[in-house]
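You will see chain A twice below: alongside chain B first, and alongside chain C after that.
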Partner chain A sequence: MQCKIPAIGIASSNIVHYATGYNFKYNNGMPIRYVSVPFPFTGQPRAVDVAYVSGKDMLTGQPLMSAVVNALTRPLTDEEKISGAPPQEAVEPRLLPPDWEENLRQLFDDREWSDFNSIILPTEKRVTAMLKGTSHKPDEVVKTINITGGARQLTVEKVAINAVMAGASPEHLPVILALATQAPFGNSTSSMANMVVISGPIRNRLKFNCGTNAMGPYNRSNAVVGRTFTLISKTAGDLRNNVNAWETLGSNLQYNNMCYGENEEALPHGWDPLHVEMGFKPNDNVVTVGMGWSSIASVGASQSIYPTHFLMRDYMGSFCASGSAACIVMDPTVAELLKDVHGFKTKAQLSEWFSQNVTKTAASYWGNGVIQSTAVPFALQGLEPYASWRKLPDDALIKPFTNPKAIHVVVAGGKVQTMWFVTDFAIRRGVLIDDWA
Partner chain B sequence: MKSQLFAGLLGTLLVMPVALSSSVSPTDPQQAASAKTAQGAATKDAGPFPQVPRITAEEVERLAKEKGNVVFVDTDDPVSYEAEHIKGAVNIAYDPTVDAREQDQLLSALPGDKLIVFYCNCSHEEDSAPMVLEMWELGYDHDKVKALKGGLTRWEQLNYPLVGTDVSATHEKGN
Partner chain C sequence: MDRRKMLALLGSSPALVAGSPSHARTALKEFPEDYPRGGEGMITVMNPAIAGKLAARVPLVPPLDSLQDKKIYMINLSWEGPDAANYFYGAMTEWFEKHYSGVKTVVKVTAEGMFGSDPSILKDILATKADAAIVGVAG
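Our next item is the complex of A and B:
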């Protein structure tokens, strides 16, 4: 939209050089001028923000407001008058020139084409062998990923390259291609994480671990498929530390993305597998991706004096409840307890119970940064229940998980102990693996 | 020596995980518009994203009046939204150059028990239909998320209520 009103960007010092870098600079039709303030400013005392405004522009060293006025009023240079399609970025070749192995490994690390664990170098021979795992053509586009500077086409070949790097086998490729449609993983300043759930008969055929240590480092298929999602996200998604990836603490879960299979064989009668709940057939092979931040593990065995779902409810009360999203992963023994002792005949009944019984104070709800950027605008625009919640006193209790369909339950584990995880992961619709065979 | 041979072999055949030569294209609005037009070219009358169910302005206005269980989502940019939008609508701007998942936190905050109607100020729902698809990916029921056929233009033609800084008092009230 052209308003023909002079405008500049104000960026914090940790990202301003990204904003003034080639890709971002030319992505908007004409270069945008920036001034820069220190970081962070969100959640800081007002005095800190006032000091930023009365301080200096981090780019020019001028007083900030003078820099703002200068940037708004200085005549455009010839370079800044560029309009239409931006100049092309230098392109890179499909194949690298010959080199020593250690040099190539160093190159991959330097470019951040790795997770900094050892990779299998993707020779053409290895990639060709990997491509035998699918009937799809190497140049078929799996997904177009919008990155700063343009739309990057993630092809079957590029997915296969990442699969080789992660140590996968050709038979994993259809799973990985289906998973690639959900790439890249979340990238924020907070610690985003993902969950990858495998459903259907393919779990057993490829020996995904759905039982004891389903989420631990004890299984090849879980390990390589989960890892490939990270490598695809970093390479095709162009994620580089402190360049365009700024998660202040990061998340250890991003190494493997909690990849595991649902223990469908151990589901209590009446509890459908995750993919069946989404409308897929029981024999469909499906990969499902969840995205969130928090994962809290239970500690110690379930106790009859305080039912398990009460404790899950308590833990869920600490989540931000953005989008009502939650995913509870439980051992089959817990699922049996919840069904046989506490009467939850289906997963949906349990989700409904959480929706009705998880509470938190209005102050705690509105005090979350994600809620501030999502529910607050809606509240100001009059959308319920947010508009009414906004008027409540701080200590009023609300039920923030308004949509029970966004609360998912997955059963995994080896029946060793009555353990479970509650997470705030939003589960997206699953992807049919069979489409990528 | 063994290492050298191995390295040489690798180097000759190594494929880059990010081959940019055919993968990065500048994102400009014209290209995005062309892509959308191409998607819509399949069936002349169906418009783009024919798999997305449409609802007419007449039908949704009746539902909103009778049951009140409709949420309108305006997918135009915030400036256009402030200038003019359907009364009661919330704003989630659609940007074809950004992954729709960037809006997931906002989209998933929409209620799951009401009819959600996305609309744009465009001729064939080009900017509202993609949001419907993303809502499906988030697990919303297919029959509870629709695109407004004819968008804001059709709503305005029927003189249904609008609000905003550019809306006259007469139109704000509606017919």
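Our next item is the complex of A and C:
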């Protein structure tokens, strides 16, 4: 549906910069006129937002309302009348011009084709060797990445180039190709991060660490697979600092994306591996990606005076509960405790318990910016429980994790301590690695 | 055997031992575009980047000749909630009432927040023959 009336956008300067630059070039194609308010706009007292109206347009320096009137009434420029395909498509050569190693390393950093740790330069010989790790043809398109526009076709060859850069071996390539179907990593002003979980027999074949230090920097497979996800996201996703990637704090998790394997061998009887819960067969090799923001550690060992799941519940109460999502990662000793002492015969029973027992105040729930963006529209449309929750007094308690199936449990660790993390990571459906062999 | 050949056999680029990294960077800057490259010690690597498809250009519709007696929709995207833009649009409406008699403003909050297009608002704009729209406020 088209209305064909003049329309202008109003946004803070950070958004306008993206909207009139990268977004216009790769996504929109329409030279929308903007008027810019100071940043931040949301989360301010009412008086601040009101005062912006009598302030200045951050783009032109004019009084803001003069800029609004001007944007709605001034004649179109020749540039604003252009239509049709752009005159020249951007070109990226398959091979970079020959150069000295030092210059190439500098180039990769300058173009943000790295995580600013040293990379293995992707010579043709190295990439050809890497491609032996898959039967898929180099020019096969794994995914078209269009998150910030540009519709970039990520091929098997480009994935292999990034795998070489990360220090992976050919045997890692099927895992990395499966993981590439989930690229790019989370990118938002709110500083998102990702979690990558490896499931199935491939964990042992490629020696992924699922035990002691599973989530630490102590294993090559965990390191290179997690790192490649970052490199693919930045290169294929063309994510560049302050161009189209503005995580205001950023997340250190984006160096490795919390890549680890589930310790399936140590699961209590009746507790299924993550991929089996999703419907995969036990011998399927699967990579699963989660996305979120927060991780809270148990810090100390589980205590008998306060049941472990009670403490998990308390910590989960501080999450925003967007999409009812959570992922608890626990040592096998904690899983055994929860099953044998506290009676959770399956992961699903534990998830159901959390759904019924995690509470937070209505004020705390609605006080989160992500919830304001995502759940308020539901409330305004009359959808429950959001519509009712919006009418509650601030100190009323709600159970925000309405969907126990969105609360996942993963077991990893070396049985050294009864430790766990609760995270707000939303776990997506797993991807079959075997399809990429 | 000369030094250069020996280093190459050992797998080291002469550039790495020729001096400081700035020496290697200077080589890139000083040589002209058409200088024959591929000299000993230089390597060729594959490009990890992918060309982005440029968006087709869409022209703007003609602007208003003036705001007098116009109906302007103010569309609230509910960026991090609807309140901030509602306050802002309220103040804008007061400004229009003071400076442009005859301007009518209509504030609408999108049903799906900033992630959806809300066809009902577009239908409303057509049905009421609105003259212009202001969309915001992001940030």
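The rule is short, and it goes like this: the second predicted complex is superposed on the first by the 421 of 437 C-alpha atoms of A that agree within 3 Å, B and C clash if a C-alpha of one lies under 4 Å from a C-alpha of the other, contacts with A are read in each partner's own complex, and residues count from 1 in each chain.
In the analysis below, a contact is a pair of C-beta atoms (placed from the backbone, for glycine too) under 8 Å apart; a residue touches a chain by one contact, two chains touch by 3 or more.
No experiment lies behind these values; they were computed from the predicted model shown.
Three-chain overlay on chain A, with chain B and chain C in a clash. Within the superposed three-chain model, A:Ala406 lies in touch with chain B and out of touch with chain C [touch as defined at top].
Touch criterion not met for A:Val243: it reaches neither chain B nor chain C.
By the touch criterion defined above, A:Ala396 lies against neither chain B nor chain C after alignment on the C-alpha atoms of chain A. When the two structures are aligned on the shared chain, A:Ala363 is found in touch with neither chain B nor chain C.
In the superposed model, A:Gly382 lies in contact with chain B only, and not with chain C.
Applying the stated contact rule after C-alpha superposition, one finds that A:Ser322 touches chain B and leaves chain C untouched. Within the superposed three-chain arrangement, the count of touched residues of chain A is higher for C, of the candidates chain B and chain C. In the overlay built on the shared chain, the residue A:Arg74 is in contact with chain C alone; chain B does not reach it.
By the document's definition of touching, of the two partners only chain C reaches A:Gly9; chain B does not. Legend: residue contacts after superposition of the two complexes on their common chain; A:Gln44 is shown touching chain C, with no touch to chain B. With the shared chain A as the reference for superposition, chain B clashes with chain C in the stretch 38-46, and the other listed options (38-46, 74-82 or 92-100) are free of clashes. Within chain A, the residues touched by chain B in the first complex and by chain C in the second are 1, 3, 26-27, 29, 84-86, 88-89, 91-104, 111, 113, 121-124, 127, 145, 149-153, 157-158, 161-162, 165, 231, 235-236, 238, 370, 373-374, 377, 381. Taken together, the chain A residues at the contact with chain C in this complex read 1, 3-15, 19, 24-33, 37, 39-44, 46, 49-50, 52-54, 65, 68-69, 72-76, 80-86, 88-104, 106, 111, 113, 121-124, 127, 145, 149-154, 157-158, 161-162, 165, 231, 235-236, 238, 369-370, 372-374, 376-377, 380-381. Contact residues on chain A toward chain B in their complex (touch as defined above): 1, 3, 26-27, 29, 84-86, 88-89, 91-104, 108, 111, 113, 121-125, 127, 145-147, 149-153, 155, 157-158, 161-162, 165, 231, 235-236, 238, 278, 291, 322-325, 370, 373-375, 377-378, 381-384, 386, 402-406, 426-429. Across the complex, chain A is touched by residues 3-4, 6-31, 71, 77, 79-80, 88-91, 97-99, 104-113, 136-141 of chain B. The residues of chain C lying in touch with chain A in their complex are 13, 15-16, 21, 24-25, 27-28, 37-39, 41-67, 72, 78-85, 87-88, 90-92, 95, 99, 109-116, 119, 122-123, 125-126, 130-139.
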